[in-house]
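When the chains are written out, they are named A, B, C, D and E in that same order, and each has its own residue count from 1.
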Amino acid sequence: MENQVSRRNFLNRLGVTVGAAAAATAVPATYFAGPRPAHAAIKVKGNIPDKPFKTGHITFLTGPANLLGEPGRKGHLLAAEEINAEGGFLGKRKIETIVADEAAGTDANVKELRRMKLSEKIDLFTGVISSGNTPALGPVAEELGVLTMFNDGCTDFLFDKAVPKPKYVFRVTNIQSADGVTSAVGAAKAWPQAKKVGSIQPDYSYGRNVHEHFMLAFQKLVPGAASVSEAWPKLGTTDFTPHITKLLSDKPDALICGLWGGDYVAFYKQALRYGLFDKMKVATTLAFGGQPHAIGKDHPEGVLAGAHANYFFTHPAKGRWPINDSFVERYYKRWNEYPSFESDGAYVSLYLLKAAIEKANLLVGGWPEDDVIISLLEGMGMDTPAGYLYIRPDNHQGYKDTVIGMTKNDPKYDFPIWDPKSIITIPIRDITAPPNWPKPGTSHNESTAAANWLKTTWLT
Amino acid sequence: MNLLETINLKKYFGETHAVDNVSLTIAEREFVSLVGPNGAGKTTLVNVVSALFRSDSGKILFKGDDITHTSVTERVKAGIARSFQIVNLFDDLTAFDNVTLAIFSRQGKTGNPATLAHLDHEVSAEADAVLAQFNLTSKRKEHARDLAQGERKLLDVALAYALKPKLLFLDEPTSGVSTRDKGQIMDTIASVVRGEGITAVIIEHDMDVVFKYSDRIVVMQQGAILAQGTPDAIRNNDQVAMILLGTSGPDAFTRKD
Amino acid sequence: MDILIIQILNSIFYACILFLIAAGLSLIYGVMRIINLAHGSLYALGAYVTAWAIGTFAAGAPLWVSFLLLPAGAVVVAAVGAAIEPTLLRPLYNRPEEYQLLITFALLLILEDAMHFLFGGTPLTAGAVIDSMGTMPIMNLRYPVYNLLVIAIGIAAAVFLWAFIYRTKFGVILRATSQNMRMASALGLNVKRVYVQAFALGCFMAGLGGAVVVPAQAAVLGMGIEALILAFVVVVIGGLGSLEGALIGALIVSFVRTAGIQFFPEIELAVLYLIAAVVLLVRPTGLSGRA
Amino acid sequence: MLEIKAIDTYRGPAHILYGLSLRVEKQEVVCLVGRNGAGKTTTIESIMGFLPVRTGQILFDDEDLTNLPPHERAKRGIGYSPDDCGVFPELSVGENLMISRWLGDEVARRRDGKERANPEAQAFDIFPEVKTLLQRQGLHLSGGQRKMVAIARAMMLSPTLLLLDEAFEGLAPVVVNRFIEAVMKIKAMGVSILMAESHLAAATRIGDRLYAIDRGEIIFHGPPKEALANEKVVKALRG
Amino acid sequence: MQNDASRTGPSMLLILACVIPILVVLVALPKFVDTYQIQLLTYGLIYAIAGLGFNLLLGYTGLLSFGHSAYFGLGAYSAAFMAKYFGVGSMEIYILGGLLITGLVSAAFGYICVRHTRIFFGILTLALSQVLWTLAYKFFWVTGGTDGLRVPFANLTLLGGLIDFKGRDTYQAFTQSYYYYVLFLFCICTVFMWVIVHSPFGKALQAIRDNETRAQFLGVRIRHYRWFAFLLSGSFTGLAGILWVPLNGLVTPDILYWPFSGEIVFMTVLGGFRTFTGPIVGAVVFNYLKVYAVASTAYWQLLLGVVLVVLVLALPTGIVGTLSRLFGKFRKR
């Protein structure tokens, strides 16, 4: 009992808010993501060439991960269309996008990025879903000196190790370690008695990151919790039955699942048939990460459904945060579906850049050099559909408060959404390493700076 | 001195006694013809002695050494070479390269990946000499597959010859060659073999050839040696004549045990 | 205990699928001496076609419609096979086997993208079929009834194929052609036609594998390449060109895989390839192949 | 019945038959004698359609077969027993026979305009012992049994012409006589036979006519007795 | 089928007359084309080294390996390990160390594989390469799993430290220097391989390919020679893998997976495996073909597949084989 009390204290100290409150921004932002209000005309200083602004976008066009890639691409295109409707960046430079398939593999992506920059002469590189790919593409982007806004592929590893001192590379969605921690907080709050934890993760860096950070946080929140079963299906697996049987045989109380995209859809459908959801509580990091309609009504309720600790379109709820209301509306009108966190990330990326370009133009006039744009992106804040987003200057990583909720069916939708009462919001500063925290390989050898920060400071 | 000696050599294929208790000796510098009807076991005997097949039992002595259990390569190194009834060449290589290969192998140079073959003038000269001996000089640069049947037959023998063997088996060197070219081929082969003092065992069915070139004739039937002797002795052996001519009626099928 | 039963059932289920793919691969090799690298892609094609057919025609229709459409994948793949053999493979029978291997590799590339083009990049499912059949209890756990159906289909296919090959006129023709193609033609068999039929039958088996697996899993791009390599392991272990071999191999691979995921997940796949390599080394004709 | 007009045949690069011609009349046993490698098997395989003929023609019942595939030739009633017998090793003897029985029904129907009453009769009449072997695998037959099965199988086809390649090779003497009787029986059934033989003696015993082949050319053609007296033939066959 | 390589006594003059202009063009190229093209060509030359090695087995020894990704990947991973675990940045050390490792492994694998020929050889090489793939895939704590290992050129030094690429925006400088580095090694490899195939040993390999039995009867120890050819072939391919890593910047298990072996076969057949220059031309062309296919259509596999079908059905001798036949006809006229 004592544990539980102190745990509650922990939760309070973490600043977790429950329910539909949320979206209270810490800092009022000057910029917001979305079309300019009708009355605010574009003020442009100097001469702007009307050369198109070429953008390279690599994302999953095929395969199970397409469930994440597709909304990202759609978010990007929506923003580009809106900006182009105003005449483009600074009213002059229309955005042109060339797209390539991330499913071609890491090596092919590296080659394609080089081609985009060297042969197609792109001005901006964006997209990328897999956290296996950003650590490969980030350094290449730095080598090539191409301004880059990753909208996902959010592994800590990118700015912890692969590009420790980024210049050209930025990333908009939340940092990966927050996924595992957010799910752990949600799970600890919902199922404080669960001590035996099972884990099913895709067999690559994302899965390992989720597993590590979830266990780290969960064991701090639920003393005595231990991992009793691990399953590591290959990314893109279609047959999860041996893994499901393995999990069933080890009888955990709760399961942490980091599968995503088509893999998660296949997994939950197969798990249903074996009654896995009746045998254990299930927490996920990315169940709600794909297109919302990809999850069927057959999905069980009461599953902790992660959205990469970022965004789900029903939160902030209608009427509470006009930026989101309007985004969802415009997105639905354009694509006839609801946006996912990837849509938000890709959409916001372009608006962030737009804001930085406009600001830079006011400062220096004409079309600003990359260096100026970069210096303005660093430390920039913006109100986005998901709430307030802040680009930290030390590592070029975007941060926003994390959210997670329980699945519930709602007659208004053909798919489950978050139960509004169950949604929790965690201030990002409470679950991730602060600026300039020592990186792995400096004063410690943890896998991420966040892991080291959690271990040494969290809840003590 | 006996160059080759087989002692009670046996090779059965199921019910067929292809080589049945053959004890044969070949003396140095002898030119021996192996004759007999189809299926008499001549080629099988050569196959066993040249290690293409393992014998079922018996012994093979070469220069007095027991070589029964040695491999093809070891026998080649010891000095046993052969040609083939159905031409067996390196079809994608030129006639010249076919021969140089044999010379390189003989000189133990085939393991060398670091020198250029065509710059080894000594070998090239020898190869050209061999080609000349077999009247193939004009075909030097032709691929083996493009040669005429008679030329292929000659090249097959030339390859074996280029190994400078002590003992050379020639398995029907004129089969499949038109009558026109036959005599010329045999003359070429015989002159080379005689000239170099090589011991030769030839499987041949043209009795004119056999009588003309052989020192000794060995007649085989049903896997066993039926008779052997000088050409004259064989010519006058009625039993042999009957068998070889196949004129003996049903008796031709009588197994000689 | 219940877990053990489920794991055994799952292994058998998986073995059935592998058998269907591997038997086709083995059959084609046995008759035509061609290693069909596109075989996995044909399996994937079967899965796609069935999923697409069920998704398109059976939506909202009664369950039996879905079952009627289940074999669609197998039939279409057999037809594709019947078209491929005379056009792409036949010109190569007199060429070195490298070319036969290469053309099937080309076929693999083409089929993978053709499926991408036809069915799109997102996985296709036919989960309604398996869900409508419900689950059955196995002590404390549940097990999908459909899986039992697949096992039944797998066993039936094995028995049927065996009977087909060893008890029918066509089977005699097929075996005769595989043993001595020239003699078969001298006895009046149209070897070209037998080849088309054999190839189509092999493809049918692969397509059937895909068709029955798709309700339980999903049709995704790349599933064929993974399946091919496992089917390869199966036929190598069992013996190229041997039907019994395909069965033995499928069981070994499937049980080793289940055990591997449970007990030694790190080296599960490596173990399978190592078994294949060792079998090849010690007994290149496989466990039940003849020399 | 069968007429070969000046054919040239190659095996890969090797030119084997040089303008070879021969004829087989109705209900006649014709022997083609020659040594190993003389071109006997090549001739038979050219007739059967395994080897393409570069020039010349092959006529059967006045129909040009030159460009037909082997199975079409079989359909016209040409039975074939190759030198290696060609018994399918992993099929039972029964199955081996069955294959040609199916076609035999068609051949008979086409020729006689009616079904065969008893398809097995001819074959079992020639070699009754084959009946006892039906369950046995081809692989487990002895050499003589294999020859019998091969000939019985060819007869199941209800042929009008039978091609026998080295039918007596490797047989024990007692058995040879049985085979010679069998050939006579087949002839009596109204079937023409073309035999490739390397034993002149055997050929002279059964052949109605004889062709001698050497190095891909016919060097003699006539009654068997004359062949024995012909020095060229005798020389070509010695060895 | 023509076989350039086995023509008696290749004419040195003719060869030099062909090679020197090509070499001049290759050396001068960076002056005229942009970084991207130079980078692509570097990839092409590296694949050409792999192709040369592969073709020693396929074209000259008559063994079709469907597992050459193993040696390419081994070379690449060896260099990556040295970079990650030993902080090595010297290209020369990568090459020495990598060659040692690929040499040892191909010696071991080769010893096993050459016991078989034809299809069994192919399957055995495939199975062994797949073993390496699963190891690279599963042992992520060593190999980085699917994320792979990075080998940034920023830490790389060439020529024993004479050239390095520290600081920002050095990509162009790296691409140029590395192009010349690879070009130089490519020339060495080509000459070396040319000598091998024209040596008595090379002739013996061709003899084994054409007629195993007869080669045996000339006293050639077949299995021995095949094994040695395998070793050389694996080492060449391994060298290509080593050179590929800094250029690519990272190594992932993809290059150990069997479809990459298929690509090596593809490029060799594209150029023509019965000619010496075939694999070189094939590798360079294939690289361009694939890059532009990937860039221009989502259905690049289909495009490659169709090219392969056309190649196998209509031009089995590949680009070089077909060209030399056309040239031969032209000359005869």
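Basically, contacts are C-beta pairs under 8 Å (C-beta built on N, C-alpha and C of every residue); 3 or more make two chains touch, one makes a residue touch a chain.
None of the values given here were measured: they were computed from a predicted structure.
Undergrad: From chain A, count the fewest steps through touching chains until chain D is reached.
TA: Contact-graph shortest path, chain A to chain D, evaluates to 2.
Undergrad: Going by the touch criterion stated earlier, list every chain that contacts chain B and also contacts chain E.
TA: Output, common partners of chain B and chain E: nil, no chain qualifies.
Undergrad: Specify the chain most distant from chain C by Cα centroid.
TA: Centre of mass proxy via C-alpha means gives B as farthest from chain C.
Undergrad: Using mean CA coordinates as chain centres, what's the chain C-chain E distance in Å?
TA: Their C-alpha centroids are separated by 34 Å.
Undergrad: In whole angstrom, how far does the Cα centroid of chain D sit from the Cα centroid of chain E?
TA: Using C-alpha averages as centres, the distance is 54 Å.
Undergrad: Quick one: chain A and chain B, Cα centre-to-centre, how many Å?
TA: Computed from C-alpha means, the inter-chain centre distance equals 80 Å.
Undergrad: In chain D, what residues contact two or more other chains?
TA: none
Undergrad: Among the residues of chain C, pick out those that touch two or more other chains and give their numbers.
TA: 116, 265, in rising order.
Undergrad: Residue numbers in chain E touching 2 or more other chains?
TA: 137-138, 298
Undergrad: How do the chains pair up in terms of touching? List each pair.
TA: A-C, A-E, B-D, B-E, C-D, C-E
Undergrad: Could you please specify the touching residues of chain A with respect to chain C in the complex?
TA: 60-64, 66-67, 70, 103, 230-232, 236, 238-239, 241-243, 245-246, 248-249, 262, 265-266, 269-270, 272-275, 279, 298
Undergrad: Considering only the defined contacts, which chain B positions touch chain E in the complex?
TA: 50, 52, 72-73, 76-77, 81-82, 84, 88-94, 96-97, 100-102, 104-106, 109-118, 120, 124, 140-141, 143, 159-160, 163
Undergrad: Report the residues of chain C in contact with chain A in the complex, numbered from low to high.
TA: Interface residues on chain C, with respect to chain A: 3, 6-7, 10, 13-14, 116, 121-123, 125, 127, 130-131, 135, 141-144, 216-218, 220-223, 257-258, 261-262, 265.
Undergrad: Applying the document's contact rule, which stretches of chain A touch chain E when the two form their complex?
TA: Touch list, chain A to chain E: 61-62, 100-101, 104-108, 110-112, 114-115, 118-119, 132, 135-136, 139-140, 142-145, 157, 162, 167, 203-205, 208, 234-235.
Undergrad: Would you pull the chain C residues touching chain E in the complex into a rising list?
TA: It comes out as residues 35, 37, 88, 91-92, 95, 97-99, 101-103, 105-114, 116-117, 225, 229, 232-233, 236, 240, 265-267, 269-270, 273-274, 276-277, 280-281, 284.
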